[in-house]
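Shared between the two complexes below is chain A, which has chain B as its partner in the first and chain C in the second.
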Partner chain A sequence: MKFGRGAEKETEMDELPYVKSRSVSSLPCSELGDGSYGETPQAHWFHTLQVRRLRVHRGRSNSDPLGGKSFQQEFQWNTGLQFGTATSYLNLEKLGEGTYATVYKGISRINGHLVALKVIRTKTEEGVPFTAIREASLLKGLKHANIVLLHDIIHTRESLTFVFEYVQTDLAQYLTQHPGGLNPYNVRIFMFQLVRGLSYIHGHRILHRDLKPQNLLISYLGELKLADFGLARSKSIPCQTYSAEVVTLWYRPPDVLLGSTDYSTALDIWGAGCIFIEMLQGAPAFPGVADVFEQLQKIWAVLGVPTEENWPGVSQLPNYKPEWFLPCKPKQFRDVWKRLAQLPYKTEDLAMQMLLAIPRERISAQDALQHPYFNTLPTPLLQLRDTVSVFKVPGVRLEAEARDIFSPTRRIKSSLVPLAKCW
Partner chain B sequence: MEVARTSQDRSQAADAAKGGVSQEIKTHFRVCRFIIETGVKLGMRSMPVSTACALYHKFFKTASLEVYEPYLVAMSSIYLAGKVEEQHLRTRDIINVCHRFFRPGTEPMELDGKFWELRDSVVQCELLILRQLNFQVAFEHPHKYLLHYLVSVRNLVNRHAWARAPIAETAWALLKDCYHGSICVRHPPQHLALAVLYLAVQSYGLEMPSGELEWWQALCDDISGKEIEDIMSELLKLYDMEAKCM
Partner chain C sequence: MKLCGSEESQRLMRLLEDALAREARLWKAPVLENDQIQGSDISLIQYQEVILWLREMNAAFQFCQETYALGVCVLNRLLATVKAQAKYLKCIAITTLILAAKINEEDEVIASVKDLLAQSGCSFSTAEILRMERIILDKLQWDLYTSTPIDFVHIFHALLLSDHPYLPLLAAAQKRPCFQAELWTRQVQHCMACHQLWQCKGSTLALAIITLELETLTPDWFSVFIELLNKAQIESSEFIRCKEMVDEYLSSLRVSLPANAVYIFNSTYVTKYRSLGPEPKQVAGWYPKDRPRRKRSGHRPRSRREREADEYYDGFRCLYDGIASEGSHGDSGNVGVTNQDVSSCPPLQPHEG
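Take a look at the complex of A and B:
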């Protein structure tokens, strides 16, 4: 399975669609290994698709740098290859499968960078899925350190492949690997990056609409990147009403649960607030089941049942039910989520401002960046250019997680390692 | 089904290649009229219709009429615009409405091989448009700017004068008509919005307050009087063309 310089001719973009690409569809992937831990690294591992070695890397803590190993140098990259052609990428293993796309880990044969290849099937009755169209058209206009980077788009006859930068893990997995709540210092760094990313997309009049830990990618350094813009859309003034079925229930704000369709940037802020609590607490803020009403009950249990007095217009919303007038008083966040009680008040204050029931009262991403909660971070963070990572600022780095289940001091049998996604 | 109807356009396109540019523009004018009419019949909102026209014009900015069938590109533009603007349309509805446009008074197409072929063409052509436009298919339209400018202008002028002249309706109609030609994709949305408002204000002879700045400079500071004139004259040419080619 070796490939060498010039083994594949470079293909013009126009001829390509009719060539069933070797690198995208015909290479076997992932089933090769089952993770034999602790192998010595091989210099040319990518020649022979040593998938098992990648599993070793993935199995480790994410707060550890990837061993700092450089994968190549001796290998001569094929400089004749171009962007936009399938032969320029080699796919290594399957990372996951969505409704309309399959995601593979891959490697660019142009520059040796790891990439994530999102292969979208287009041979369907409906043509290119609308989520794919929106994701590509929106991401093309976004260049920011906290937004996943779309490198390239490849067209072949059966499929369309989006080439993204490869990011090692996501927040959902990070939370699984560090149970019981994250280090509050790291939460602040993640939260700052999340709000920074939101501030950028909201500034470009784009809503993400589908925030959840699975969609926040985390690099080994701790860089957080918003991903999966399939449900995102450009927001323009004046707002039209959007389709109501969007955010995953747990991260959905009460106004949307109540059937409001004129939502705006406050929608993403609520989601970010829920993720904030989840990072601190180690458990979702409002874990409902599948039902909108149960989800609302979970929220009312903390915020109190809204009334026409404290939320004018609430009774006009489609899913509003008068029988909620059962007593359900607002509670202190620190009484509901115990970790907040152990932290300075400004943490709770930011959470409260993000998780306000009335959408227009929720803090904006722009204002949240200025919140005292972030005061302890180095001030140059606020002056960074869009494309510069927060970790470029001296003194910004992740601290060790208190409960790192992969840390050498708390060794667990490797069979217990949760492989939430296939690595 | 398009072939019969568009052989005229095709020969004109061939003519255009030899000399006159106007034949090509006439074809685009007719096809855009087709997109807008089809959009109305399909119950599309104005944003998806505008996006469909913009997609069509952007596509033919770099593609040749001799190579691509304009009505097929138009159908795929409508389909794609529905996805981009979240007003999803079914290919079958688009095909039926278009069939009725080309063959008025006939029965809908049979669901035979020809129908499926046509549907596959529409879906394939969608991908072609996406590639040609490099996936940049989310546009910022001038409508929202026009709305904001209208609110500002209403506050600048005499209340009675405003009530007598249908400025908003006229400007809105002018803006919609921009989409018959490629001006809709050649100018920034703010400039288009301002130019149609300017034309509407001029047409009704509405008196605007004068000061150090022209009234329109207060609304949009990166446009010159010359640019407004240019957009207006392009738009007026489109109206001139309507008489010649519909």
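Take a look at the complex of A and C:
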């Protein structure tokens, strides 16, 4: 059975071709059932994709180049095509190669939307990789403006493809394009969205476990979306232990580096803190080392070596080494990462609260949203419904970055901007 | 994350709401018809056998209990969604367990499908399992991540710890906070193999098990229970029916607590009771009708709280008796029959108090 083609609906579908778009069951029923779109219940299903865009009133979306206009009335793409089949999508170009999949830019022949096609390699002996099963089943329950949207799944005997909304770039590329640290104003908007996404998934007791700039998609508007849930998992409340082999080394928290396996949401907060520093500074917070112990040394060099007194139980962790007692005093973040010294103290304060060595002391995503660092953003941001982008709030938009390797002339222009404001 | 009590309980409430929403969206149980699953030729006995077998397999593969619970939930949902034939039941069941493991277990824990099959002793080929995997994913639209009864045990347990730290059973568990939840988890697993309890949602089943224990352990059980019932938005008649069945099923199985459980109870709570009343037996065994509060009431002046609990309790008993007599008579005959089929559970060793 193809994705979304309910067996009981099979006969019905022959008469009503548009019922097929029911396969976008990734959208919550409540969104579809309020009767304000279309005349018949079936039409709701047909309009699923558009309905969502109309409801959130996006000016323009990456996967919706026509700006959310309900162009079905004027132009039928191809209603004979259905979700869940490979012929409904055209591959345009290869975007990248991940650990277990290759991603292509594509276009949906059903509705003309740009999509990202993640073609997953299935091993003949093991079936569908666990990463794919986790990613799909977790994303099914997550509907949020800062979480990548899974449109469709194409599953045949030979191949498995996930169809995602298309988002132009990711934070890693964005950082490369704008070297030397990002505009602090933009960092705040990215950071707010990152923490907002984390607050949402943590509220659904899901740990991402693989936060890094490559997994944060950035739209041309500046919308940030958490992606790649292949290592993510749900966390039942107590007792369970997890793999310590999670998160790319640079973004892995000290407790997990020390071998702790009973980590929780604080794991993702550390990663977000590292990314915070990286956006401000233009370079990774704790970069470039070969193994767990060197990685820990990098962290101790800033936070100081933990002791039984300041971190009870630390010496019991598997990778703890007593020889670390050679003193390493905690440093001021602003002395280590110079950009912090140029910014109001609350920036450093949030970074410090996210990068605390003891996991239970790290700020939660929910509390972080209330941190004074975000005070300067418009207040309606905190009342947004889950599925509404922060860019819907008037006054929220990205500012020009100081440097752009693709258009060096912009540097001059953007440096004029503050001057222009002074006049 | 510095959480004070109320923040913690708010966080838990959000978790509970989320788990309930997921259950409401995805929970489905097969309908029974003439001792068979409706629309298939799978008999109750075959079904129960396969659930017990899955539990053995889960232990053999060294998966955690959550994996087993998720596997059973997926299996139930599948059997309620498609018309499955008995000859495929075992293949479906082992595949649901493998799928649950892919979701729930860490990569390094899961052996290859080939090794799992060899270990299980069943004769399916890898290709058959993978074909079944594809069918299940497609039929359930890849939406496998549901709330299991074990999730609810954990959430309710955490809520009790956070809101009622004074409860004796929880005070006892301070040193090993997971211990109590572990006991309840075992009972959940037993109950998941009982066909009468299929029709109970995971949230209802978990609360029924916890309430049965609360009854024996604290005079305050009723107010605590009502609080949980309201938080979980469980309908009370449905709950009472489920609790009756769980009570009968568990006492008929005479599910033993693990040996060290009795020890732990003795060392903390029971000793307290010994000083008050003569019968530690009531604590160790499954005697939900034997409420320690009743025995104890003569020994010291009762607080206002206890009197209120009594009034609550008496009110509840009327409701309870009324509904129970309507609903449970029909089922009680079956319980006896099925008990004989469920033999893998160790009999309870009566506590030598």
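The criterion applied here is as follows: the second predicted complex is superposed on the first by the 329 of 423 C-alpha atoms of A that agree within 3 Å, B and C clash if a C-alpha of one lies under 4 Å from a C-alpha of the other, contacts with A are read in each partner's own complex, and residues count from 1 in each chain.
Methods note: contacts are C-beta pairs under 8 Å (C-beta built on N, C-alpha and C of every residue); 3 or more make two chains touch, one makes a residue touch a chain.
A quick note: this is a predicted structure, and the numbers were derived from the prediction, not measured.
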Combined model on chain A where chain B meets chain C, clash or fit: clash
Which superposed partner A:Thr265 touches (first chain B, second chain C, both, neither): second
Dominant toucher of chain A (residue count), chain B or chain C: C
Which of chain B and chain C A:Ala136 touches, first, second, both or neither: both
First (chain B), second (chain C), both or neither touched by A:Val115: neither
Partner chain in contact with A:Glu361 - chain B first, chain C second, else both or neither: second
First (chain B), second (chain C), both or neither touched by A:Leu92: neither
Chain A residues contacted in one complex by chain B, in the other by chain C: 125-128, 130, 133-134, 136-138, 140-141, 153, 155, 233-234, 236-238, 240, 242-243
Residue numbers on chain A that touch chain B, as the complex places them: 122, 125-128, 130, 133-134, 136-138, 140-141, 153, 155, 160, 233-234, 236-238, 240, 242-243
For the chain A and chain C complex, residues of the former touching the latter: 1-4, 7, 25, 124-130, 133-134, 136-138, 140-141, 153, 155, 157, 203-205, 233-234, 236-240, 242-243, 245, 264-266, 359-364, 367
Interface residues, chain C side, partner chain A - complex: 1-3, 12, 14-15, 18, 22, 64, 66, 82, 99, 102-104, 106-108, 110, 112-114, 126, 129-130, 133-135, 137-139, 141-145, 150-151, 154-155, 157-158, 177-178, 181-182
Sites on chain B touched by chain A in the complex: 45, 47, 79-80, 83-84, 86, 88, 91, 119, 122-123, 126-127, 130-131, 134-138, 140, 144, 147-148
